[in-house]
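Going in written order, the chains are labelled A, B, C and D, and every chain counts its residues from 1.
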Amino acid sequence: MKYQFQVIVSLKPGLLDPQGKAIEGSLPAMGWANASNVRVGKHVELVVDAETEAAAVSQVDEMAQRLLSNPVIESYRIVSTAPLPDPRFEDVS
Amino acid sequence: MKVDQPLHQSLGLTDEELDGIRATLGRDPNRIELAMYAAMWSEHCSYKSSKVHLRTLPTEGPQVLVGPGQDAGAVDIGNGLAAVFKMESHSHPSAVEPYQGAATGVGGIVRDIVSMGARPMALLDPLRFGPLTEERNRLLFAGVVAGIGGYGNCIGVPTVGGEIQFAEPHSANPTVNVMCVGVAPADRLVTAAPDVPEGSMLLLIGAATGRDGIGGVSVLASRTIEEDAAVSRPSVQIGDPFAGKLLIETCLELVEGGLLLGLQDLGGAGLTCAASESAARAGMGAELDLDAVPLREAGLEAFEILTSESQERMLAVVDPARLDEVHGVCSKWGLSSAVVGWLVDGGRLIVRMGGAVVADVPARSLADDGPAYERPMEPPRGRHEILEDDPTFAIVDSDPREAFLAVLSSPNVASKQWAFEQYDQLVQGATVARPGSDAAVIRVEGTLRALALSCDGSGRFGHLDPYLGAAHAVAEASRNVAVMGATPLAITNCLNFGNPERPEVMWQFAESIRGMADACRSFGTPVTGGNVSFYNESGGSAIWPTPIIGMLGLIEDYRLLVRPGFPGPGFLVYLVGETFPELGGSEFAEVVLGTVSGHPPALDLAREASLHRMLVEGARGDLLASAHDCSEGGLAVALAESALAGDTGFAVSLPGDEPWYVALFSESASRAVVSVAPENGEALESLASAHHLPLSRLGETGGPGMVVDSLLEITVEEARSAHESAIPKLLAG
Amino acid sequence: MSAGTPRVGVVTFPGSLDDRDALRAVALMGGDGVPLWHGDRDLRGVDAVILPGGFSYGDYLRTGALARFAPIMEEVRAFAGRGGPVVGICNGFQILCEAGLLSGALIRNRQLRFVCRFVDVRVETSLSTLTEGLVPGEVLRIPVKHGEGQFVARPDELARIEAEALVTFRYCGPGGELDDEHNVNGSAGWIAGIRSPQGNVVGLMPHPEHAVDPDVGPTGGQPLFASLLTYALARV
Amino acid sequence: MKYQFQVIVSLKPGLLDPQGKAIEGSLPAMGWANASNVRVGKHVELVVDAETEAAAVSQVDEMAQRLLSNPVIESYRIVSTAPLPDPRFEDVS
């Protein structure tokens, strides 16, 4: 079976995020002074072919830990691609 | 794309061109063949509007090893080595997506050098944008610079020079040119081999083929942007510099191992171009098996595989007996390689897919028999009024100090450090003179020789008088290498113009070619190759005619190179050459008087050539302590830049009896500011007179300030801040 | 190879760029440069290892993230464990951090742009393979060229790095002063390079291999290569 | 009210994803030959202070379009941070 996953990797809280900071810095000039706490991370999609979902999950977990994130500065979470909660939010482009 | 248009027209072919294809085939082309002709006969690939003019350029000389017609030109630089160089435009893709457009431009030009069997050693990036006061131009500028760095830095080729100019006509249409220079043993250059045997394999190396850039050459580079605003998006290509680096190493290892019979990069018109040119150059035909082409996604149609411009691919011609070795090198570098065809006698390019023949055309008809047009030409209306309105005779009541600071901090003159600091200038360890010098200098490993490289183009001069503009561009490029002590050897170019179907544009083009040809003949610097980029316009208004010259000069002993900075206090400062009342098209006229008009400075090609010889002789004799050419901003800027580069002030008097603003800001040609140790003053004077060049002693170096008579006094630090902060300030919005 | 000439291996990963430059610098400073290949499990008996600059695997995902899985890295790890001198320059530094051989991490420059510039760096310790014989406080002129050289670590980690005096180099002004203007990429504590507690593993963002040849520019990298060769020689 | 969003920005389908490709190419050597279709995108978190959720959503949409993504080559989707479906997948670091 093929299982699809998303792995979201973000900088650990407390660490400075230069990209997030730059975006935040440019918001007021664009008229969005009410937006804040911008953090930029990575979003990795992948498909794992495994016997069971549990096997796939544990493999993705290992990949996320060893390869997709750097535990010194980043944390991650794994999302299996379930339908999104609200159609309004779907791929709007 | 209009729905009711016949297919050939929507692919950019005219009715007459379709008739030509019919005549060649003796039947109607099928859709796939039509797509192949459309790509190969596009302006970008066929040079149909420019060919007849390009033929008039001087291309021969004892130094030329490979002239125009190959992927890149090559010149002899001694010690059995060849310098391979070429320039190309990626303006259209950059207008759509600045980062990726510029990045893939770097990738493309680098592969042109690699396909000659040379290791790419240096990049230069002449650029043109609209004024930075507009946000769109700032985004284009920042995106293009980041893209060039993003690709060049990642493949380990230093970006050592370039040029950046700003002018309103480039607002919607940035000009993005990239030049690459490589070095190879002269006897190992991979050039058209006439005696490749039948049955030689065509091996596609590198990235898988996807839908990117389908019809890129016809869609992006052969029409104006707005004609295709909607269509052009899917044509954006994403560069993969990592794959690009692996491809460079793979190809060079294959060439070094003597494993190849031929090598072609896949650029515009993709596989169609590479296969038909490989076959045509060998005087043969080829069979292509599209089922063997590795694809990035399923379901590509034949015409898509044939015209895809997916990046990071090369086509090698391989002896079947060496195939295993070749595959071995590719897989060592982690690249895929697939036999996608072979050469056959008879001259036809036969394409198969799914077992059926999907195209069958003469290879030469694609590669060499494209149309050639003598398009109508006519000078633009209003040209004489602009020329006659010469600012040289304007009434000037500016304050010298303010004028000086205004010119020094004008974006055209200001330091381009913000940009070139984003480029790795040092990788490969050969960079002897980095950006900030008149020319970049890279040494040639294992020798004392070095290449001096400069890119120069005409902005205002070319707009006012395209003949003079192009001649000045060659003169300035030669002067820039000569001030460093290098003998100008040969040029490449990139000719950026508007829509060639408009007679004014075609006239500008023809005049530029004439100017370039005359200057190149006088300086003995043949044209070894280049690139033409038309259709740089929108809303019926074209960019300024922008012929960019890429000059290659040779220094025999790089330890003797001369730098632009004043070396310290106590040196004598001279102006070589003569200043005339020539403010037409000058930076001063634009920035201080607010006008781009008048006659550009005259150019005495013989005097210019003497100046180059004198500068080279002065460098060889270790006579010059510094040398810097006088160009934009005139004597004032040349003095200021020498002071900034050497962190040393000066005190000078203006020579002659022209008004101060002429003496300081006239952009008369054939001049350089040099300094010599006091004991060398006389030697310099006799050197100049031996070359029949006027020489004026201006004063001396030293002190914390830049002092000109009683007109001007400014500290080096204040001038530095004006020069260095101008562009960052504008970018901050 | 003459007896007593230290052999310094330079690893080429896919995407390494300054590998030839590092080999040239080793030779210029009197050592024997030995090319090593990422896919080999063999250090060819070298006395020191350099992980050179570049963009291994395109710097995709994270700098150094993919290179640290290369087969040769197991050998490098073992060699470092035996006290062998290992130096990571720029991308090599990033690889050593990813591999856990050095603390901290390197993220995008504060200004979010690549920067190529000659900078001044201050030597902070003589207890490392690159700084033996150098006097702390000494200022060297060496170029940087990177887009992701901002050194970061969690606060506790940073405190430990400082407490154990692992900082080997800091960005500084020409007189050794630490001010914001001279922090070329915004690194925590101006950190330009650090060492392992034993001092045999060192990583730094500046490129000493591009500052050894007087024909090309400043020579602030010379003492560092001299130190590395001395250190390596002690092991011959 | 403060609303938290995640914006996921990815390369449009059909465009080459060099990062995804390079990661995928190195997976077999790490023992994960059964993983495929790796695509790398950006994950931006931010907080918007607005009167209504609808106002916040429309602002984030505009930000995603103009600032966070490059519409020429990227598409985006917006997710409001609802609790994740399965605690197993939550921030595991």
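The definition used in the following text is that a contact is a pair of C-beta atoms (placed from the backbone, for glycine too) under 8 Å apart; a residue touches a chain by one contact, two chains touch by 3 or more.
Given the structure is predicted, the values throughout are model-derived calculations rather than measurements.
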Chains contacting each of chain A and chain D, listed by label: C
Which of B-C and B-D has more C-beta pairs touching across its chains: B-C
Mean-CA-position distance for chain D and chain C (Å): 34
Between chain A and chain B, centroid-to-centroid distance (C-alpha), Å: 41
Sites on chain B at which at least two other chains make contact: 240-243, 334
Shared-contact residues (touching 2 or more other chains) in chain D: 18, 22-23, 30, 40
Numbers and ranges of chain C residues touching at least 2 other chains: 57-58, 60-61, 66, 69
Listing of all chain pairs that touch each other, if any do: A-C, A-D, B-C, B-D, C-D
For the chain D and chain A complex, residues of the former touching the latter: 4, 6, 8-10, 23, 30, 32, 34-50, 57, 59-61, 63-69, 71, 75-80, 82, 84-86, 88-93
Touching residues (chain side chain A, partner chain C) in the complex: 11-12, 14-16, 18-19, 22, 42, 67-68, 70, 72-73
Of chain C, residues touching chain B in the complex: 14-15, 17-18, 20-21, 24-25, 53-55, 57-60, 113-117, 143, 145, 147, 207, 209-210, 213, 215-216
Of all residues in chain B, those that touch chain D in their complex: 96-97, 100, 207, 210-212, 233-234, 236-243, 296-297, 310-311, 334
Sites on chain C touched by chain A in the complex: 61-62, 65-66, 69, 97-98, 103-105, 107-110, 112, 150, 152-155, 157, 186
